[in-house]
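Chain nomenclature is as follows: A, B and C, assigned in order of appearance, with residue numbering initiated at 1 for each chain independently.
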Amino acid sequence: MSQPVIVAENLRKEFGRVVALRGVSFQVEAGAFFTIFGRNGAGKSTLLSIISGMASATDGNIRVFGEDPAERTHRHKLSVISHESFLYDNLTALENLSFYGKLYQVADLNDRMHDVLHQVGLHHRRFDLVRTFSRGMVQRLTIARAILHNPDLFLLDEPFTGLDQHATEMLIGLMEALKSQGKTILLTTHDLQIGLRLSSRFMILERQRVVETGSVEGLTEEMLRRKYFSLISSGEAGQ
Amino acid sequence: MTKPYKSQSFYVLAGLLLVLIPVSLYMIFQWVPPIKASNPTEATAQRIFYYHVASAWIGFFAFFIVFLGSVLYLWKKERRWENMAVASAEIGTLFMTIVLVTGPIWAKPTWGIWWTWDARLTSSLVLWLIYVAYLFLRRYLPDGTRRANLSAVVGIIGFIDVPLVWFSIRWWETQHPSAVVAGGDGSLAPEMLKTLLFCVGIFTILYLLLMQRRMQIARLEDSINRHYKEWETLS
Amino acid sequence: MSVIWAIIRKDFQMEFRTKESITAMWIFSLLIFVIFNFTFEISRLLLLQISGGLLWVAFIFSGMLGLNRSFQVEKENGNLRGLSLTPADPGLIYFGKFLSTTFFMLIFEALIFPLFIIFYDIQLSLVTLWIIPISILGTLGFTSLGTILSAVAIHTKQQQILLSLLLWPLITPIIIWAVKTTGDVLSGELSAAFQPVMVRMLVFDVIFTTISYLLFEYVVQE
């Protein structure tokens, strides 16, 4: 557990007029809950794309589980949860899981599917189409899909967008459970309260640069809020 | 960075064209003897042939450069290759448009019709449509690596399709004996050939000049936007 | 291989639940036949000459519906991104989508062809069986490019119009060859050009399936 899961050194992503990252360095230790705060366009999504191997950096070094994410060898250890579910509305809950399970080549898929469906409390609805699900149920199935292949690293890209209070609490509960299982979690959000409640370390991105990084120990929400707003530009901040 | 708006190559190319374009016009309208035609209008209209063919040549060449830029971009992921492909696609489409406009101008007095589904005209039209679609794709996407990737993919597929379109349409025409046209007997008088090659030459220079300008504009746009962002960061 | 199979299976599960794609394509073709009947009043002799074209107009216009539908489901919940985030090779994802859209189109073609025969009183003979390899080769040509270009187009808001703009000019060769060979078959007499044209269609299919397989990675990159 000594080797950090994510090591980023001076990551830059520039393309023509688009500057998405201007030299970002940070490390995420195994088992850490690491939160990246920042406004839209601060570079959070680009960073997660690079970590997941969907995009490549123009310059700098990135290692995830000690390997270059562009090689896609780390994909089975990784799971992405965003505000999009990646689920098919016209498939049943079980069919959706079975499909993703095959793409991830999950061993003992059948047992595993029933297992995760029980975990998220959807086992009784496993033969129902996703399009008949409520938002909260879709969210729970998304979680089932994300934990199906038992990944070690979770990338949570603004997962609270569009969730109601209940679904938000449910997602927070899941993250706490994952944290206690020793999973590494990287969360991007602009919600300071939730981020502070969950994370062990945090980083603030502003205008494609890291402006602050540290431990949440001894940090109150008020302190974080003041720090955050002093670092990001005034007035237009905090959507 | 050097001052990108002052470049020697621009003045050299522009100077060459300033001299050579009038020469080409002299060759086309004075030096080349008129073709044997049933009426004088047809003989005059035929003189558009030199610019028409030269434009078609530049069109094809430009589309090849789109392909080359697309391949290099996917390999190197550098902005300049994307810029090269896009610049060439725009210029190629422009020259193909010239082909499609001058074709009917020539066709009307010669064959008595503006348009015929002749293999060359039809292929030119289909190629034009392919690259217009390429430019449309770019309009529909915001700037960034995704747009660069997607347009490179289309730039590659499009060019590989060019010979297939060309040969399939030629073959299709032979299946339709009713189709008009015998467009000359194919052999060119020595003066005609020389004039044609000369026109192809100056159109190539024109292409290079336009490419150089267009890529410079792209570079300038990028650098202005970047300076603006830097300034925004500092403020 | 399991990736390709999983995608095909998933698409078939959805299709046989909703029957949206194949039914829509079928009805649309039927509409084309009906409208054609009113827009062109032609003699039986002329009809025989152009029936190959009519059949492919129906196949390809309806095929556009199928393609759009096939990629609409991959866009709805960010599914294409979800697929690309799995360890699966993007080339295999391409093959899965390519084969499933091809199968849908072939099923729809098999269902509309009998109707075409009835409507236009096509004389059947052993030669008519050649329509099967022609349909397969023509459809593969259409879907090989259609699949990758659909994946390109879904990144824009104008997905459907853009797909048409991109795909139509590129598949001109396939349209030309498929119409010609189909015309031969429907007239009951194969011309000398039949065999070489079939080979050309096969070459087109192989070229663009290979190219698309290689390029699909760049289509899903961010």
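Assume contacts are C-beta pairs under 8 Å (C-beta built on N, C-alpha and C of every residue); 3 or more make two chains touch, one makes a residue touch a chain.
Just so you know, these numbers come straight off a predicted model, no measurement behind them.
Path length between chain B and chain C in the touching-chain graph (shortest route): 1. Of all the chains shown, the one with its CA centroid nearest the global CA centroid is C. Of all chains, the one whose Cα centroid sits at the greatest distance from that of chain B is A.
Of the two chain pairs examined here, A-C and A-B, the one linked by more C-beta pairs in contact is A-C. The geometric centre of chain B is 32 Å away from that of chain C, both derived from CA atoms. With centres taken as mean Cα positions, chain C sits 39 Å from chain A.
Centre-to-centre separation between chain A and chain B, using Cα means, comes to 48 Å. Chain A has residues 55-56 in contact with two or more other chains. Residue positions of chain C touching 2 or more other chains, listed in rising order: 221-222.
In chain B, the residues touching two or more other chains are 145.
Partner chain A is touched in their complex by these residues of chain B: 77, 79, 82-83, 143-145, 148, 218, 221-222, 225-226, 229, 232-233.
Chain contact summary for the complex, chain A toward chain B: residues 15-19, 55-56, 58, 207.
Remark: chain C residues 145, 148-149, 152-153, 155-158, 162, 165-166, 168-170, 172-173, 176-177, 180, 193, 200, 204, 207-208, 211-212, 215, 218-219, 221-222 touch chain B in the complex. Chain A makes touch with chain C in their complex at residues 49, 52, 54-56, 72, 75-76, 78, 80, 82, 84-91, 95, 99-100, 102-105, 129. The residues of chain C lying in touch with chain A in their complex are 2-3, 5-6, 9-10, 13-14, 17-18, 73, 76-79, 81-88, 220-222.
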